[in-house]
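Lettered A, B, C, D, E and F in written order, each chain numbered from 1.
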Amino acid sequence: RMPNQPISGNDLARFAGPQTFMRLPEAQGPAGLDVVIMGIPMDIGTSWRSGTRFGPKQIRQESAMIRPYNLQTGAAPFDSLQVADMGDVAINTFSLAESLRIIESAYDGLHDYPVVPATLGGDHSLTLPILRSIAKKHGPVALVHVDAHADVNDEMFGERETHGTVFRRAYEEGLLVPDLVYQIGLRGTGYTAEDFSEAAGWGFNMITAPEIWHKSLTPLGQEIRQAIGDHPCYLTYDIDSLDPAYAPGTGTPEIGGLTTPQAMELIRALRGLNIVGFDMVEVSPMYDTSGNTALTAANLMFEILSILPGVAYR
Amino acid sequence: RMPNQPISGNDLARFAGPQTFMRLPEAQGPAGLDVVIMGIPMDIGTSWRSGTRFGPKQIRQESAMIRPYNLQTGAAPFDSLQVADMGDVAINTFSLAESLRIIESAYDGLHDYPVVPATLGGDHSLTLPILRSIAKKHGPVALVHVDAHADVNDEMFGERETHGTVFRRAYEEGLLVPDLVYQIGLRGTGYTAEDFSEAAGWGFNMITAPEIWHKSLTPLGQEIRQAIGDHPCYLTYDIDSLDPAYAPGTGTPEIGGLTTPQAMELIRALRGLNIVGFDMVEVSPMYDTSGNTALTAANLMFEILSILPGVAYR
Amino acid sequence: RMPNQPISGNDLARFAGPQTFMRLPEAQGPAGLDVVIMGIPMDIGTSWRSGTRFGPKQIRQESAMIRPYNLQTGAAPFDSLQVADMGDVAINTFSLAESLRIIESAYDGLHDYPVVPATLGGDHSLTLPILRSIAKKHGPVALVHVDAHADVNDEMFGERETHGTVFRRAYEEGLLVPDLVYQIGLRGTGYTAEDFSEAAGWGFNMITAPEIWHKSLTPLGQEIRQAIGDHPCYLTYDIDSLDPAYAPGTGTPEIGGLTTPQAMELIRALRGLNIVGFDMVEVSPMYDTSGNTALTAANLMFEILSILPGVAYR
Amino acid sequence: RMPNQPISGNDLARFAGPQTFMRLPEAQGPAGLDVVIMGIPMDIGTSWRSGTRFGPKQIRQESAMIRPYNLQTGAAPFDSLQVADMGDVAINTFSLAESLRIIESAYDGLHDYPVVPATLGGDHSLTLPILRSIAKKHGPVALVHVDAHADVNDEMFGERETHGTVFRRAYEEGLLVPDLVYQIGLRGTGYTAEDFSEAAGWGFNMITAPEIWHKSLTPLGQEIRQAIGDHPCYLTYDIDSLDPAYAPGTGTPEIGGLTTPQAMELIRALRGLNIVGFDMVEVSPMYDTSGNTALTAANLMFEILSILPGVAYR
Amino acid sequence: RMPNQPISGNDLARFAGPQTFMRLPEAQGPAGLDVVIMGIPMDIGTSWRSGTRFGPKQIRQESAMIRPYNLQTGAAPFDSLQVADMGDVAINTFSLAESLRIIESAYDGLHDYPVVPATLGGDHSLTLPILRSIAKKHGPVALVHVDAHADVNDEMFGERETHGTVFRRAYEEGLLVPDLVYQIGLRGTGYTAEDFSEAAGWGFNMITAPEIWHKSLTPLGQEIRQAIGDHPCYLTYDIDSLDPAYAPGTGTPEIGGLTTPQAMELIRALRGLNIVGFDMVEVSPMYDTSGNTALTAANLMFEILSILPGVAYR
Amino acid sequence: RMPNQPISGNDLARFAGPQTFMRLPEAQGPAGLDVVIMGIPMDIGTSWRSGTRFGPKQIRQESAMIRPYNLQTGAAPFDSLQVADMGDVAINTFSLAESLRIIESAYDGLHDYPVVPATLGGDHSLTLPILRSIAKKHGPVALVHVDAHADVNDEMFGERETHGTVFRRAYEEGLLVPDLVYQIGLRGTGYTAEDFSEAAGWGFNMITAPEIWHKSLTPLGQEIRQAIGDHPCYLTYDIDSLDPAYAPGTGTPEIGGLTTPQAMELIRALRGLNIVGFDMVEVSPMYDTSGNTALTAANLMFEILSILPGVAYR
């Protein structure tokens, strides 16, 4: 029996139908699913522009343009995986700390099942509770983290859990295998010369943007894939890794970033990784009224779906 | 047993959850429903700006802000009526003629049940097939038509079925009781002095905008309600009836229109009508990036729901 | 023989065809015309937001929605007057002073013919050279000036000719009959208590916005029409006279302004005036991406065309 | 000696100069000031659209268009009061609870001086700590609260301090004289029939929007002024009290609201109140790219400054 | 005698003058012209976002910034070719099928003259009737088709003539020399693995985007030019071939597309082709409020004009 | 003693605090400063879209996101240089000629001190008076001019001083060492084949965009740095040098421009130049509602600050 299929744009016009990811069926729970799409609409962890609370909505809306077959790579994710959209986590929009607890609990519930959570954000602070839940099931994981920022601050305004402290907390809590952490696209400015060097000392592999300007990212992706091998791996994709030309709709943009060809090369070269979860964060729709940043996020979600373990290629 | 309730904004943040009207449950069919919300995402019947194909999506999105109880009038529509969202009609976006056939057929299917169809447009051409279907069930109906335009052209580019010819066709086909047709808010410019006078000759009651500037519409609404009495009545609401200050996001705006207080007064004064169907058309989201035109449409939908036969008042 | 007609929206779709005002024919000169549409695309006379240089373009674009017959009043301006669009004055965008000289000279050329110039602005400084040219032909004129601002400053940054000094200069130069000057819609804030009182001392009739809030402007218009009688009259319409809700796309908006019903009432009540020229200024398109401010300006231009001497009513 | 004056738009172009409120001087502390302008840039207390964190910035930017003299009323606030801009409160953008503590403490510091705090928001949750601080100094105060919403919820997502619970908390804590609370412009939808009635039971005077549609608010303002008399009074102005046509740039808009003439009438009629503090909240700039909502907020701030005790009238 | 010249930006400010392409003269018919600019304002053939009906208007508006001499290549198209703007085809905006018939007939009329039609779209469905008309005159043509999409679907919603089926129809009808068809920039997602392979089987040469990422397109352009040689060639340019970063204002954007340097390299390398017609389609202005997508389209039109047979180089 | 530091985003939220460049302290004069930030808010020298008058405001606003340490290069400009923001030059917005005189005089005042002026524009015409002032102090300077346009026209509308004639005037007046002038990124279209060649004849080194497409600009920057050596050098950065994908918010965009990686490579490779002044011009905020063009300008300002003589590297 064929798994769930997105509604075809030739059966129902793209501007019609349910606003689930790629117009896949909704699901009430993870039972029977290989991949669950989950939205976490929040922006109270952001430090500059807000608006990512509307990210999941607009990524889903723009995802209606994506067809089920990856023409460029041959991947047919919906032929082999059962995917459905479980809707949104019921965060508490007035409390970041409480929201992080709610998210962790929600993902713990998912992890009773052999399902890969695919998360639509929301600001990057949501990745911390997801990693906590992931680590309960899989132990410390490898991490591919594509971002303009390392998100390894210790505190912001005295708070230890914000969108800028995620991966220091994850490191401290032992959620990651530090040598298998790859942070790609780092750039921007900092408060000290040590902003990145401390994390490098933990073992994190940091690839700054200038190192990869003008280059195909296929070799880098292949290198990472080989280094990580079969280790359970989480992939967290901050849309601000892309240059603001390619993704203007985000809260803390940094110039000199990745292009979309680079983003796709990187993801495609990671095929073969044992991905146990992934997210797409920091889309802030009001800063791109064309909708194209969300469309980009939706396409990158689809590219990651296309490299999940078990996906058939034609 | 309590009927369907919208998801509360205190249970799930408004920017979360399903993108149905007011986050009501979806339904696969009309069985058991008193009111069915139906989207018709189309814009190929428009003559100036397009974009109404995204109207249903954005009205649903903005409707998440509406709470279930009408504080100003006491109406509690979801206490007494079973309402659900059936999604969108699968129109053919490449053929207006074919789309009108599809819509009529879809509404014929609804009319096997004792349900009030509440339609989110979409351009105004969709009202013609709905009226055809309504008339099969109810015979010629009374009509409350709030619009800047009478939509009584004979042809546009040789086409007899467009967003500007709807009510001439409906008249010719005997779908309406001409003396019980009320067109409210008419204004703008025309091609001849007879643009309105012919329809007036059929018996249509035409209330132009200048007649109601600066006035409460409560008396007008009461007068119409009394004239129509218990006759089955269809209510068609073109958002361009509102002044562009109040509803900038529409395709053929005309200055000097209704205010939202007037729109609400009118609807509230119509309470008691035997409404057998209604629609909200011509919201074109890209012309109002704030979302407020769609929010207005959603609120007026709620106001109409609040006056349906059988609604409890507290 | 029928005069020039706008291209009908039923012959050629509104988004097609030439971008002249109402898609009227172009003219190379004023010979044979009763009314000439003239654009003056400039913004170097503005003191806050710029962008009015694109005003004529967008007013013309949005004017494509207007049909030739004024349904609300019965006026048929194109049945009785020969109207054409002469395009734009070739101002010098780097020099305000030089531009004012160019404008005056261009209008002097028009005034060799018995033509009413109808000007699309552009910032309000353009009215000064037009009045200079008008006064050469007609002597001091009556003035109906609809605006949030009196534009009677003496100097701005030491400059005596800007969008804020127009009517003091015109007064000083004897271009106006002071007792027949009506400034309507004045409001906003000022530098001294005397901002308005000096001009009142010259004889100017100043009607501030609070005096006309919540009121029909038909009585005021009728009163002005009677006071001015047959005296040659110039009508200058600053779009910022409207409330920013009704005309957001302008450079120096002031809250608490006119509604579009009031604007139309005022113009319609002025029917009978001996209008020898008029303008529509201060539309700044980038501050209203919906296009509706320009649409409003186009409609008000049409309303003024509808009351010109000699217009037939049906 | 003349108090601080705004930089004149004739001395320095409005788009130049410091981005303080009306380009008044900055101040490091309240010593010597009659009125202190204070920004509270926050949006983590909002329940629907975010973005009010940029409210203070844009209100200050747009305030550059306001001149120092109130032409319509004769008020000359800067002739009699020493006003300066103290910048922004250093809230903790990751914690609403912590931010409320910071705000209260900051205002306690102000209240060592005989100064009227004039606050630019920010979401409405900031009014609660201000009232706490105000009450320490003045005891329970009268309240004029202009808003679409009563903000008297008990909890939202289990939180007791959000932008929707402010005035219940203030009531419970005895910060208000309930009989001297006036909530004006209430409308929208609710969760129960009791949404407003409980607060009415406490003594709150609730004036819903439909009660004041089409009416001058001068009588209402006068009535309130008389009822409150000399009692210390706090004025809190939620920009969403205005209709979305007049103030689209806000987070929880409700149709059928006040017009700006009504807003100005109300404030002007309140002249004579013993105002001990006031705020202007809920401006969310990204939802109005014209800047006009912030301009409106800036003008209403100026109108309130114009009625403060001690202001000279010319 | 010098052919038609665009109005110089130093003679008449760019924001002034007629809204023809590059402010060239209008023409009533093709007699005496080498190249005719023709607009086809339509969007009823689009499957996702609409709005291309305003494409010709905005491309013409933005084209006012282009000067007549191609500084980068030395081309002086207006020294050697007589070019004028014939305005827009009078399509029927309510019927796609009828519009395609009107377009074909309009181009048949052009083809009585030795003129190269240069078309401003409008959605891509307009290319089918143009090719039908072209083939009547020139027989099957070579095709350079730059696009994110192959547009070789068989049907969409049962319709055989839409913006997604153009080149299958053209192939079936023998309008093309299949081996001389080059489709460049293909990418995005599909419904089956065979989406592209069937057309490849016909002989179409399909160059997908990943094949040309990070590369100069000069070699590809030279290769195509040599392969096509002197065969009559039609060039169809879908603006969505560009990456959405470079052309956000379009209806079906696909990430990972061409850059504008690549687009210019490709066109310049095609110099020498026997181009018998070309078009620029799918610009949807509302999705790029900066106007830059239309500016890009205008510049690419100019680049193609610069390589037409007979153009002088300095 | 540590020099002035930007307010940290961890001490005061980025959306709070003064709107100075990077939230540095304000200064009343240049005494004691190494670098002075100066705004020149003007747009009356522009030839197409206006709006650069708001450039300094928005660059300052977006600069709040920049942290003080250049993570990618190790530069710590605020450890070694005393930098402050002196606000805006009080130009006369009604007279370009007068404004240029005011600017020259303002900069003459600066040059009594050993300070590097860092200017936020404003349109490019402001660079002419700055160069006049610079040359009085330093004699003819080397020039690094990054721009889509050479700005070497002789006249525009008969005016000799506009944003398009700056560097011809500077050449004629002997303000530059022609052999040490580097114009980088030139492209677009022109009026004759000689548009660039005349300036090349003066000795100007012109690097057109096609010469550097797809390339790192590090080698070019190094070559320029070596050629200029220690000669006093002015750096003028027109944001339209960037491709419109990267900087949509500008007045005369030209496709096929620089990427932000190229812009940063170029600046970083220029380290070692004896920079005596620099500017960042032509940001027009309304054409990029995301704010990202201004953010880009702010970042490039920071990159230039990072290469000033005397900056410490960690």
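Here is the rule we use: a contact is a pair of C-beta atoms (placed from the backbone, for glycine too) under 8 Å apart; a residue touches a chain by one contact, two chains touch by 3 or more.
Not measured: the values here are computed from a predicted model.
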item	value
Touching both subunit E and subunit F (chains)	A, C
Minimum number of chain-to-chain touching steps separating subunit B from subunit E	1
Listed chain pair C-E, B-E or A-F that repeats interface E-F [over half of contact pairs the same by residue number]	A-F
Rounded Å distance between subunit B and subunit F, as computed from the means of their C-alpha atoms	55
For subunit A paired with subunit E, centre-to-centre distance based on mean C-alpha positions, whole Å	37
Set of subunit E residues in contact with two or more other chains	13, 15, 47, 53-54, 93, 156-157, 214, 243, 245, 287, 289
Topology of the chain contact graph, where touching chains are joined (line, ring, star, complete, other)	other
All chain pairs that touch each other	A-B, A-D, A-E, A-F, B-C, B-D, B-E, C-D, C-E, C-F, D-F, E-F
Subunit C contact footprint on subunit F (complex, rising order)	43-47, 49-51, 53-54, 92-98, 156-159, 161-162, 286-287
Subunit B contact footprint on subunit A (complex, rising order)	11-13, 15-19, 26, 39, 41, 53-54, 56-57, 60-61, 87-91, 93, 289
Residues of subunit E that touch subunit F when the two form their complex	8-10, 13-15, 64-72, 74, 76, 214-216, 243, 245-246, 259-261, 264-265, 289-292, 295-296, 299-300, 302, 314
Interfacial residue positions of subunit F with respect to subunit E in the complex	47-48, 153, 155-157, 186-193, 195-196, 208-210, 213-214, 243-245, 248-249, 252-257, 287-289
